[in-house]
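What follows is a set of structures for review.
First chain A sits with chain B, and in the next complex the same chain sits with chain C.
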Partner chain A sequence: MRGSTVWRDTAIAVAALVVLVLLPLAFPGKAFSDFVIRLSAFAIFATSLNLLVGYTGLVSFGHGLFYGLGAYSFALMMQKLGTSIPVAFVATLGVSALIATIVGAICIRLKEIYFSFLTLAFQMLLHSIIIAWTPLTGGDQGLTGGVPRPPFLGIRLDDPHHLYVFCCVILVASLYVMWHLVRSPFGYTMRMIRDNPRRAEFLGVRVWRVRLLAFVVAGVFGSVGGLLMSLFVSSAYPDFAYWTISGEAVFMILMGGISVFFGPLVGAVMLLLLNDVVTRMTEHYSLMLGIIILCFALGLRKGLLGFVLWAWARRRASTS
Partner chain B sequence: MDPQALLTCFSTASCVITQTTGGLISGMLLFLVAAGLSLIFGTLKVVNFMHGSLYMLGAYFAYSLYTATGSFTIAVIGAALGVGLFGLIFERLFMSRVYNTDVLMQLLVCYGFILILDDAVKIIWGAEFLSMGMPAAFQRPPIMLAGGVLPVYYLFLIGITLGVALLLGVLLTRTRAGKIVRAAAVNPTMTSALGINTALVFGGVFALGGLLAGLSGALAAPVRSMVAGMGFSILIESFIVTVIGGMGSIGGALVGALLIGLVRSFGTIGFPLFTEGVMFLFMTLVLITKPSGLFGKEQ
Partner chain C sequence: MLTVENLHKSFGGVNAINGIDLNFDEGTLTAVIGPNGAGKTSFFNLITGAFRPDKGRILLGTEDIAGLSSPEIVKRGIGRAFQIASIFPSLTVRETILGAVNAHRGWHTRLARRFPLAEANAQTDEVMDLVGLTPKADTLSGNLSHGDQKLLDIALALALEPRVLLLDEPTAGMGPEERWQMIDTVHQLWQRKRMTLIFIEHDMDIVFKYAQTIRVLSYGTVLAEGKPDEIRNHPKVIEAYLGTAYEKGRG
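Here is the complex of A and B:
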């Protein structure tokens, strides 16, 4: 990668961050900042899943494992051990990387739908453990007592505005790192494996190693999503590890566009907006959502961002 | 966890019998759903993620037919046929459009339908729990067996399901239609080159799967309460069953369903909070050691 692209991307990331941080001046309501905080959690989570689904061709149904894991391990460390936020943050990434290595090593041996089902089984296993281990996790009531948010380096995350800026920084930083990952030679190897694993093998690529590494990276970033959500709601609930979380991330990816890096981000905005708008408009939320989902599945398979980029590229090709 | 309670249960015949019959009927109902799911996957190579909703539809169809006609026989047959027809229409109009895309598009179509059907059920039948009540023919005192309770309806249900399992086995292995289905499962292109309308075969298989799920829902109606979203848990359990038994294997579905039924039934005594956990543990272990399932063919 040339130095100039790194500078350009960094400049864009910083600019995006500045805009995000300044946006509450235009939309001062709490509803807006809460929306962006939830968006940051879901966008990181969905984008991390797309590293597997869209870039490596590993269709995981159980990515919510890491969402739940991130939320619970962070919340529990803060609550039971009383550590500082940066320590718990880094330790949560470590725990997720470890679990992702073990689960990934087992799962990637399987092909296609069997891989998908095994990841789902692992996720539901975590969900069951959370439900059953009541003394530690609070069972189906979720963690009670709140997640303490002691200040660090002058950052007070119990202040809504500080939390907002913190989530924006983590969002931009995570997307920045993942963007560079998929642009790196490693990212190209991931795509080669997605398109033709056997060919990659013949070219001397250790396919299982790339797949495992992709699984671990996706797991670590997935846990960041759960972590942010636990910070926001100041708790953790078994639903964070339920399969519907994985399902939502899949819809975000498909609605935004599976073949575009920022597709999951766009999809997350769309699904969260839909959620907020449709629930306010009608009580038949699932009917509306179902119809919209069908429209995407049958009519707009590239996803919204994917379609827009495709149409734009076609127009440019026809005019030149 | 309460292993003590489980031991106490195992030491008395009445508890073992009551729990076993309870587990058997859960398993039987589950088998009907899972068999359809497995059949569809085995033939079409698609996972019908909305199969649980077909079960739900079966229960509600039976409820309406029963309240309208008062005949349980008409209710069961009508519900099964109705859901079968629904399955056929769903396959022809929607599912067949996403066969050649990746599994995520199939998931998306199915999930869209799950949401739509759940809300449709709420609109038509209301959001409250409904219960159909036991048909008059089965309102008899339960058979007592060594202190265990054995309702007459349970015997009927187990009998019918075993009959269906047998019929299904014969249909698939001994008839020309079954041979065509198996051929289309192995090589659809070759089968259609031999002059067989594979679209018809696929539609038929989907209809049969829907019929089985509808039958299961209808048979469950007297013993389970109905609510929108009731298809979710049976869907998850059918996945576990088909994975354990082997995707595409009817015999495997039967064994898997009975296993899961018994785990659920005894689990509520011994480990009420971890019953699902045990099922997923089973699923994980089977996938790790033999991904094609206990009775599935090696891929």
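Here is the complex of A and C:
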């Protein structure tokens, strides 16, 4: 490990966290803190999907399975079992890892579009279970009665400010871990498999094993996104496991940049802003969103951050 | 070192490999030649686990590796480069070789950010130096010239520290000058590493100059084997592959 790099990354992460925590002083409204909390959930979710799509070359259409799973697992554990938040948090990650291992073991042996659709099928299976198992999940009404948020270690997540700081910490910590993950030997192997899985096999890499590990890691982080959202809305809804949630994450990746680590974060900011602004201006939100995504797909395939970095690198090259 | 016994492989009704028996001694440099469709690449594919043989044994030392998967065969010490350079276009040269070194050392699923390790870095530098790619260490593999991509493909195999290295047409698609440079590099590698090197090649000048022994395949069988002079004058080889023009040209 290059110690200096780790310290630098850690310092940047801490600085980013401090800035995030202090931002409400400049933007004191509830709308801002709510926006950042929603952003935390979606940014983690979209970045975790990009571990599969951008880094491993596995285009999952059903990543929302883990968003929904995270939300419902956490909310149900808090509501029905009355556990503490840290225990429910860790248990949710465990449940997600287990389900991701089972689903991944089935899906990753399939190629390309078959993989994509099978993941989608598993997501819709979860959605169907949520709708059908009304006594447990509340069916299409979602979980009623709220998610209890008992204090732990002096942290009271029913206090909006505490919840805001908590979500910021989880956002920064998750991105920090994923950032290091893609720079680990495992991250290099993921990129090798994305580029040329056949060649990777001839280097001694068991491709299916690496893909499965990537699927599990992405699933665990995807569930963290859902968990944060269930904390925020104090419930869980079937929409969290609906296919559109996977679509939104794909749009975030497309808009921010698939080949840049922070692309999904930028995409999440853009999509949530679009959602908040456009829905205020017109009722034809879906139409507007469709046009904007079409523009990205046709004219800005690198995504916004990808394009900015590309243009910057080009400018540097031309000046040197 | 590497022994193939009664190897068979068919695709549908076509017998691609039809009862091959061959032995490659340790540390030798052998060329495998033959007309298109003779089964040369299929032979490599069987040895490296890309195909599973229908029948026969492939002995690496005393262990039968026939039917093992490619990663298992790689772990046992067989490296391979491809006819069309098989690389990772979005990784730099250094990242590519570092990835191969990691895979070889079993570090490729490490999640902790202890990378690049000093040992991995040192081996990566050595491999880049061996094939002369050090000046292009930070170039994206996809942006390399055709010749450099072929070198990188070979470097990937070298990063595995193989006991047996298989090169499928290392000079394919190159101009005359580049070809000789490439084969000189390969020859130097072999001299330095003294591994068992088997290469498929169509350029007979290269084959006759560098190979210690030559194996000729035709229709999935061994047509002839021997030293370059024996093969050059072998009537069956002249008839099936070299042609009389080559014989006359050689004078």
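Convention: the second predicted complex is superposed on the first by the 319 of 320 C-alpha atoms of A that agree within 3 Å, B and C clash if a C-alpha of one lies under 4 Å from a C-alpha of the other, contacts with A are read in each partner's own complex, and residues count from 1 in each chain.
By definition in this document, a contact is a pair of C-beta atoms (placed from the backbone, for glycine too) under 8 Å apart; a residue touches a chain by one contact, two chains touch by 3 or more.
Computed from a predicted structure; not experimentally measured.
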item: Room on chain A for both chain B and chain C (clash or fit); value: fit
item: Touched partner set for A:118, first chain B, second chain C, both or neither; value: first
item: Contacts of A:128 with chain B and chain C, given as first, second, both or neither; value: first
item: Chain B versus chain C as contact partner of A:102, first or second or both or neither; value: neither
item: Touching partner for A:110 - first (chain B), second (chain C), both, neither; value: first
item: For chain A as apex, the angle formed with chain B and chain C - C-alpha centres, to the nearest 10 degrees; value: 80
item: Larger contact residue set on chain A - chain B or chain C; value: B
item: Which of chain B and chain C A:198 touches, first, second, both or neither; value: second
item: Distance in angstrom between the closest Cα atoms of chain C and chain B, superposition on A; value: 15
item: Contact residues common to both interfaces of chain A (with chain B and with chain C); value: none
item: Residues on chain B engaged by chain A in the complex (per definition of touch); value: 1, 47, 94, 97-98, 101-105, 107-109, 111-116, 118-120, 122-123, 236, 239-240, 243, 247, 271, 273-274, 276-277, 280-281, 283-284, 287-288, 291-292, 299
item: Residues of chain A defined as touching chain B within the complex; value: 53, 59, 106, 110-114, 116-118, 120-122, 124-125, 127-129, 131-132, 134, 139, 243, 247, 250-251, 253-254, 258, 284-287, 289-294, 296-298, 301
item: Parts of chain C lying in touch with chain A, wherever the complex brings them together; value: 48, 50, 69-71, 74-75, 79-80, 82, 86-91, 95-96, 98-100, 102-104, 107-115, 156, 159-160
item: Contacting residues of chain A [partner chain C, same complex]; value: 1, 6, 180-181, 183-186, 188-189, 191-192, 194-196, 198-206, 209-210, 213, 217, 259
